[in-house]
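Next come the structures, one after another.
Look for chain A in each of the two complexes below; its partner is chain B in the first and chain C in the second.
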Partner chain A sequence: MAEGLQKRLQGELEKYQAVQKDYQKYVSARQQLDAQLNENSLVKEELDRLSDGSNVYKMIGPVLVKQDLGEAKQTVQKRIDYISGEIKRHENTIKDLEKKQETHRDNLNKIQHQFQQAQVKAAARA
Partner chain B sequence: MAAKQIDLSALNIQQLQQLSQQIDQEIEFFTSSLSQLKMAQQKFVESQDCLGRISPETDGKDVLVPLTSSMYVPGKLSDVSNVLVDIGTGYYVEQEVENAKQYFQRKVDYLTKQMEKLQPILQDKYRTKQAVMEVLQLRVQAQLAAQQQSYAAAAQTGAAKS
Partner chain C sequence: MEPAHVARLEAELEKAVQKIQEKVKQWNKYRDDYVALKERLTTLPDKVTHDIMVPFTSVAFMPGQLVHTNEILVLLGDNWFAERSAKEASEIVDRRIAAVDKSLGDFSEELKLLESRRHFTRDVAQESLDHREIREVYDEEEEKKWKEEHRKNVRRYHQQKREAAAKQEDQVNEDLWRRLDELEMQEARNNEMYRLSDDEDGDGKPPESRTKSRLIKWEDEEKLQLAGSTSEGSSSAADTNEETESDDEASEAQSNSPRKTIFFKHTEKVDTVHSTTSNSSQEENGDAQKPKSKINSPRDIYLQFAASSSPLDQPKSILKASNPGHPTDYTSQGRSQTICSPGPVSDVTCQDVETQNPALKPANTPQAFTGSVIERSSLSTSNTTEVQDPTPLQPQKRVSKFKAQRLQQEKR
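Let's look at the complex of A and B:
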């Protein structure tokens, strides 16, 4: 009885830790996306300030390649949209993981409680 | 920032210690953010200063272009009215000197604003930290006193028995 409980406890703990790891991964990814979104919005703001004939270059590897201003604006806007979408997706995943974490924690507590009770019983019998 | 109010007096010593550690971490994070912002701002100020050296009179002047940190080749300034500015994410923009100066001024102002936002948060953290430390100290003292009292009481009952 006690052995089975211990196995369950171990299994549940491993699951909980896996979820926790996932959660941390997504949170840090979310922070990175936030930083990227911020940088891209600043770039967009700068591009919007430019007059139409301005020369815009894009750094590709070590070379600067001339680009059309409208095209550059579009690219940055697309990136902003994509990153915003990603942020939303990540946020949902983070929420899901939070819920999962909670259920795992509850389960853990329950099993731990049972385990302790079993131990007390075993001690009383001995 | 979640505006959660915790009653410090309701926490035990261990929780208080945990809280103070957490606040320490937050303080460290904000301090490093602040210094990073300052460094970034410094770079923009430097670039702005450099722009100040470029004027119509410098047109056609000789310059030494660094190819590596220890090797230079001679060159001539051919265009003093336009500069290329890195605006982030790999985009470079050709701008007139005056516009570029404004660009850097905007960046410096932006960073100043960010720093001004950070400062009160940091100060608030310091205040919270101090409050937590005070309560923690009181708690520890109270516990010590209680311990001594129970020792004294035990000693007395022990003396009464013998």
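Let's look at the complex of A and C:
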């Protein structure tokens, strides 16, 4: 009886840890996306300040490539939208992962409790 | 809070504070850099070309020239560059500096919060040394069990109270009945006693000057003798105050016994002044028991406050005066007024009759009425003068009673 409980305890613990890892991954990803979003909004601001005719370059690897201002603006805007979408997706996943984590935690607690009771009984009998 | 927890909290707070402080340092550095850059930007366009030492690596330099002093590629972010003049670039730098300042402001706010939290935890740590935390373990199941037990106990308690109350009532009722029986016995005995004592006091003394104290006691047979002795002792005393006090003591001593005794004392006063003073003194004395006023019946009130008056103020007796000519007249005397005054007992006795009929007394003692019965002619009144009037009329002619009466009234 105690053996079975212990096995169950182990299984639940592993599952819980896996879920926790996923959760953390997604949380950090979201943080990154958040930073990127901020950066791109800054860029957009500066590009808006630029008067027409100014040269805009994009660094692709070690090369600076000249870009059209309008095009650059659009590109930056698109990037911003993409990043926002990504952030939303990540947030949803994070919520789900959190719920899963909660259930796993409860299961773990229950099994732990049972385990302790079993141990106490065994100790009383002995 | 346990000290271990408090210590851990403090450590964590310390770590957080340090982290933020590092960040603040970094950002301050950025700011300084930006300020220096701005300065450089202002000096750059001063000259068309600058002679500088161009760095190849971290330790190699080469003399060279800085051309295009006004063309500045500004990194906007995310690998985007913009070609700007020095002035425009300085504007950008200004904006960047403002952003850095804002971040620094946020950091300082966070630091403030953390500091306050640290202070609080330190205070708590201090408190936990002085105070003791009271922990109450709450277990749902145990609470439920306790509630059930409590309900049962309360029910039991109420039942017991009810039973006890019922028993008490029965007990009280029984006591009352017993007391009533005792009272009846006492009354019978008292009546006997009074009758006996009445015989002793038949020596012609008017009732007002007599000092007689009677004790009405509601007690057992055993205590009766005790009380009898005390009554004799108290009746001999002249001062009523002393009597009351001794009675007080006697009754107090006896009241300590398991049986409750109530003592009454009657004393007839010589004058009203005395009676009032003694009354007031009695009130002071007799608090432990029933107040020692002599007033047991309305008649006593009269006795105390009006008995001192002379016989002339006495109310006229309702009994008719004795008629000497009547054959059924037991009294041997003439037409003196019979003064019937209320005596010390509840029965009314006619004094003169009483004094002259000692022979009749023993025959009447078992009866309630101790006075003698005097029959008179229906026409006669208590006025002696008027008694004489009808007698000379009678031998002359026979007149109806009513006519005679009318004649008499007309004469008046």
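Here is the rule we go by: the second predicted complex is superposed on the first by the 126 of 126 C-alpha atoms of A that agree within 3 Å, B and C clash if a C-alpha of one lies under 4 Å from a C-alpha of the other, contacts with A are read in each partner's own complex, and residues count from 1 in each chain.
Note that in this section a residue touches a chain if its C-beta (ideal position, glycine included) is under 8 Å from a C-beta of that chain, and two chains touch if they have at least 3 such contacts.
These numbers were taken from a predicted model, which means no experiment stands behind them.
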Partners on chain A (chain B, chain C) - clash or fit | clash
Touching A:64 in the superposition: chain B (first), chain C (second), both, neither?
-> both
A:42 contacts which: chain B (first), chain C (second), both, neither?
-> both
Scan A:72 for contacts with chain B and chain C and give back first, second, both or neither.
-> both
Of the partners chain B and chain C, which touch A:55 in the superposed model: first, second, both, neither?
-> both
Once the two structures are fitted together, what part of chain A is touched by chain B and by chain C alike?
-> 39-40, 42-43, 46-47, 50, 54-60, 64, 72, 76, 79
Any idea which chain A residues touch chain C in the complex?
-> 36, 39-40, 42-43, 46-47, 50, 54-60, 64, 72, 76, 79
Within the complex, chain A is touched by chain C residues 73-74, 76-84, 92
The chain A residues in contact with chain B across the complex are 39-40, 42-43, 46-47, 50, 54-60, 64, 72, 76, 79
What part of chain B is in contact with chain A in the complex they form?
-> 84, 87-95, 103
